[in-house]
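Next come the structures, one after another.
Shared chain: subunit A. Partners: subunit B in the first complex, subunit C in the second.
== the complex of A and B ==
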């Protein structure tokens, strides 16, 4: 089954990219500080990198768990992961731009050499204590490794998958299973370390052991929601007719369950820090409470309560409309989540939410959808020799 | 009905069983007489239990001064054992509820016994906070009951109270879930007793099966309630150990207060629960001849869960260690340095090697499919997870803020006796269960015969 991207889809997604570029131009012309523009690049590149990697993680988990039902829609996560290098490059630009010699922005406050220089007036003992981990060369090397290795695995999976389409047999299936296991190990470590690096280090003094898993939950649920929405779109456009209500129901269950899981981690982190009330830790939430009350307060509603209520009913999980509606709320809710992670450390109380923020989000979204759809059009929409395809075709919940 | 199960999936029922053979195989341990090895194990378990009961009575009579606790280490073996047993009690509901929602057919070989294990483990766990109160006859004070004692009322801000609710709910839902699943199987035993002409057995299992008729409406309701209970039980799998972790994490004690505790405790609990299921199943499949149902494939699948949860626990250890350094907080740094190199270094390294290193051997397929190595590693994990709780609890407490209060903990014979006693209680209950309850869900196993039975795999492919 070949997929041809509709010209209207191309126009809309590229239009969104253009909107993003215009938002940046608007930002520059209206003298919005560069710091805020860069902070938006960081929010969006981290968010879309996170959900693209979920494409690869999803495949790895399906292989390792020997899941059959999802084999019919596997090309969707495979295509989503093709966005990794695009988001990755934007992220790397943010990191490089933070270097003191360029100083396009100072989101990563700890990159300032004065903080780790004992003779300086600005010497910060705590940050100096972290400099074995938080120093520019090591930091950049880690970011390059995350993006590079995640994408390398994506390509390995893609290659094996396309070869399986052509040749059949179990060789490529077994190869993908092994790849999946290795990827899981790598991702298990790097999903946490990347969260410490990319977002936790912005609030350099602050630390929380749960932070890495909490970031993972954010991306996992929004990645699955994105996957479900793309699947629904393809089905609505007349493709992927082998995907029926039963498969949608399972995707809906994943969205529902991991919405709760995210809320569980959000609450665990917040409650334990609030309860113990230790100054070093509680400042993180004090900042958000005082200066970001609206997005911070909206977060549990948008990312948890609304999707929870929308997806609670069995029929809702089987309805294309409801999945799309809940999916939009989930994706936006978790984008807001990343916004609340990044902005307070980067902009303090000088933040805003206007055409710049909205436009850049839509710009990245457009780029993500454009890349995903063109990746979908470059291969059959069904991994036709997948050994579990027959199981997936006869799937009953 | 033709099955569409993929050809590459291994069969879950071996040796070409028929429906009748399944009933025969599962009913045999109940209808036949116990063999000698059962009696030997039972005698040992009852003796351990009696010793434990003696130690408990001694504690209640004399007070918890009989334990090795002191002013600095005011929680030690009791709470370690409590958390260890609650953790073991996790696999049952995970297998019955979460694996049910994930449609894992292999769970049917082990869910009945894992749920039984859960019930017995939670009973053993609940014993410890009970006797730690000192005056166990006032145990009902943990409940928010109207009373005439003036301002005496439970403290809703305390995670210890949340624990009362969490464990109480978990125990009741697990018990109901387990029992409802048993009803049709008890009816099978009852009906077989009618045919065999055994009136006493017929009467007992008749009462236990609540007069199950087996008509279509009964089955329909049975399946509905199973799904509803699975839905209720799934959040409970997470909540119980989350609340247990909060007993520690809400404090401000270095080594206890860390935000990763809730999900990490849950993963650790599932890890230890599966290890205990593995230990018990490997013995049971032999003793009651269930090799056709608890196959090497099942053993391997459980080992995969062990390696997954063991690795999650390993990542949590390393995260805690890294963040303690990264935080720059000297108390945090000391707490972890002291764990690894202080006077309890041996407990820390026992935990690390048993929980993080040993399960990694399961990456080798041969090891995953070896009965003996699996058995040995599962014992290692059981030991490692006990030490994990000991390390968290005792090493965090024994170095108080004031060096003049620094202290060590040494268990007394009463501490040890009660722990061995709970092993005895657990063993006694489990052995009695294995002789009187159908250890596999008869009806459910039959439902997968045509998709996953060995002869049907051969016929179709």
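== the complex of A and C ==
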């Protein structure tokens, strides 16, 4: 079954990309500080990088678990993961732009050499103590390694999957299974370290031990929501008729369960710090409470309560409309989550939410959807020689 | 309770029973119930068991637990005997709310779980002290029983139902 991207879909997604570019131009023309524009690039590149990697992680988990039910829709996560290099390049640009010699922005203020120089007036003992890990060359190398290795695994899975389409047999499946296990170990470590690097290091003095899992929960739930919405879109457009209510039900269960999981981690981090009230820890939430009350207060509602109530009923998880509605709320809610992770450290109280923020989010979303759809159109929508395809056809919840 | 005439069809395999039930229902025979040592996947819609409403009750119990917990905290720790919670402002439920969330969550789960368990037992007629009624004790071991109430199948006599049933892989037919 070949998928042909509708010209209207192409126009809309490319239109969104144009909107994102216009938002940046608008930002420059209205003299919005470069720091805020770069912070927005960071928010969106990190968010969409995280969502794309979920495509790879999803495939790896399905291989390792030898899951059958999801084999009919596996081209969707495969296509989502093709966005990794695009988001990755934007992220690497942000990192390079933070180098003190460039002065594009100062989001990662630990990059300032004065902070680690004992003779300087600005010497910061805590940051100097972390400089063995937080220094520019090592930092850039880590980011390159995350993006590079994640994408290398993605390419391998994709290649094996397409080869399986042509040749059949179990060889490619077994290879993917073994490599999936390796990827899971690699991702288990790098999902945490990438979260420390990309967002936690913005508030350099502060640390939280469950920050990595909390970031992972954000991406996992929004990635699955994105996957469900793309699947529903394809089904609505007349493709993927082999995906029925039973498969949607399982995707809905994933969205519902990990909405709760995210809330659990988010609240655990918040409550312990709030309760203990130790100055060095609580400053993180003081910044958010004082200057970001609206997005911060909206988080538990948008990212937890609304999707929780929407997806609670069995029928809701089997309905394409409800999945789409909950999916939109989840993706936006978790984008807001990343926004609240990045902005307070980068902009303090000089933040805003206007055409720039909205436009850049839509721009990245458009690029993500464009890449995903063109990747979908480059291969058959069904991995036709997948060994568990028959099991997926008889899936019954 | 007036005694209705019943036909019992005993099966050795749940897949055979499921297939047989489909054939019987297609011929317009109403199956009253199926007895099985374990849940048979997909039998409910075939024999017309209505969707359970237990989850709706569960949601209501959970909401009650949530309200009960918040009321408890407000009364015990704010109103009746204000407590200093980690130096946070007392006399305020909202300002101390994060400290109460874990217990509120547990109260919600507790009430939902116990409420649902009790409702399930009452509604099923399996509450403690209830005298067991089972048409054939072998259905607690390795047999599957289909129960047809003759009164519910007007216009069909016993022999007609039995002859249809006989063609569907049944192991044993009895009348009660």
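As a working rule, the second predicted complex is superposed on the first by the 397 of 397 C-alpha atoms of A that agree within 3 Å, B and C clash if a C-alpha of one lies under 4 Å from a C-alpha of the other, contacts with A are read in each partner's own complex, and residues count from 1 in each chain.
Keep in mind that, in the parts below, contacts are C-beta pairs under 8 Å (C-beta built on N, C-alpha and C of every residue); 3 or more make two chains touch, one makes a residue touch a chain.
Predicted model only: the values in this text are computed from it and were never measured.
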If you stack the two complexes on chain A, which partner ends up touching A:275: first (subunit B), second (subunit C), both, or neither? both
Of subunit B and subunit C, which one touches more of subunit A's residues? B
Once chain A of both complexes is superposed, is A:133 in touch with subunit B (first), subunit C (second), both, or neither? first
Name the contact category of A:241: first (subunit B only), second (subunit C only), both, or neither. neither
So, A:312: does it touch subunit B (first), subunit C (second), both, or neither? second
Touch check for A:260: first (subunit B), second (subunit C), both, or neither? first
So, A:394: does it touch subunit B (first), subunit C (second), both, or neither? first
Intersection of subunit A interface sets (partners subunit B, subunit C): 275-276
Hey, which residues of subunit A end up touching subunit B in the complex? 66, 68, 125-126, 129-130, 133, 170, 173, 185, 188-189, 192, 196, 205, 207-213, 253, 260, 264-265, 268-269, 272-273, 275-276, 278, 280, 387-388, 390-391, 393-394
In the complex, the residues of subunit B that touch subunit A are 4-9, 101, 235, 238, 242, 246, 249-252, 257-263, 311-312, 315-316, 319-320, 323, 326-329
Residues of subunit A touching subunit C in their complex? 267, 270-271, 274-277, 312-314, 396
Of all residues in subunit C, which touch subunit A in the complex? 41-42, 55, 59, 86-87, 98-99, 101-102
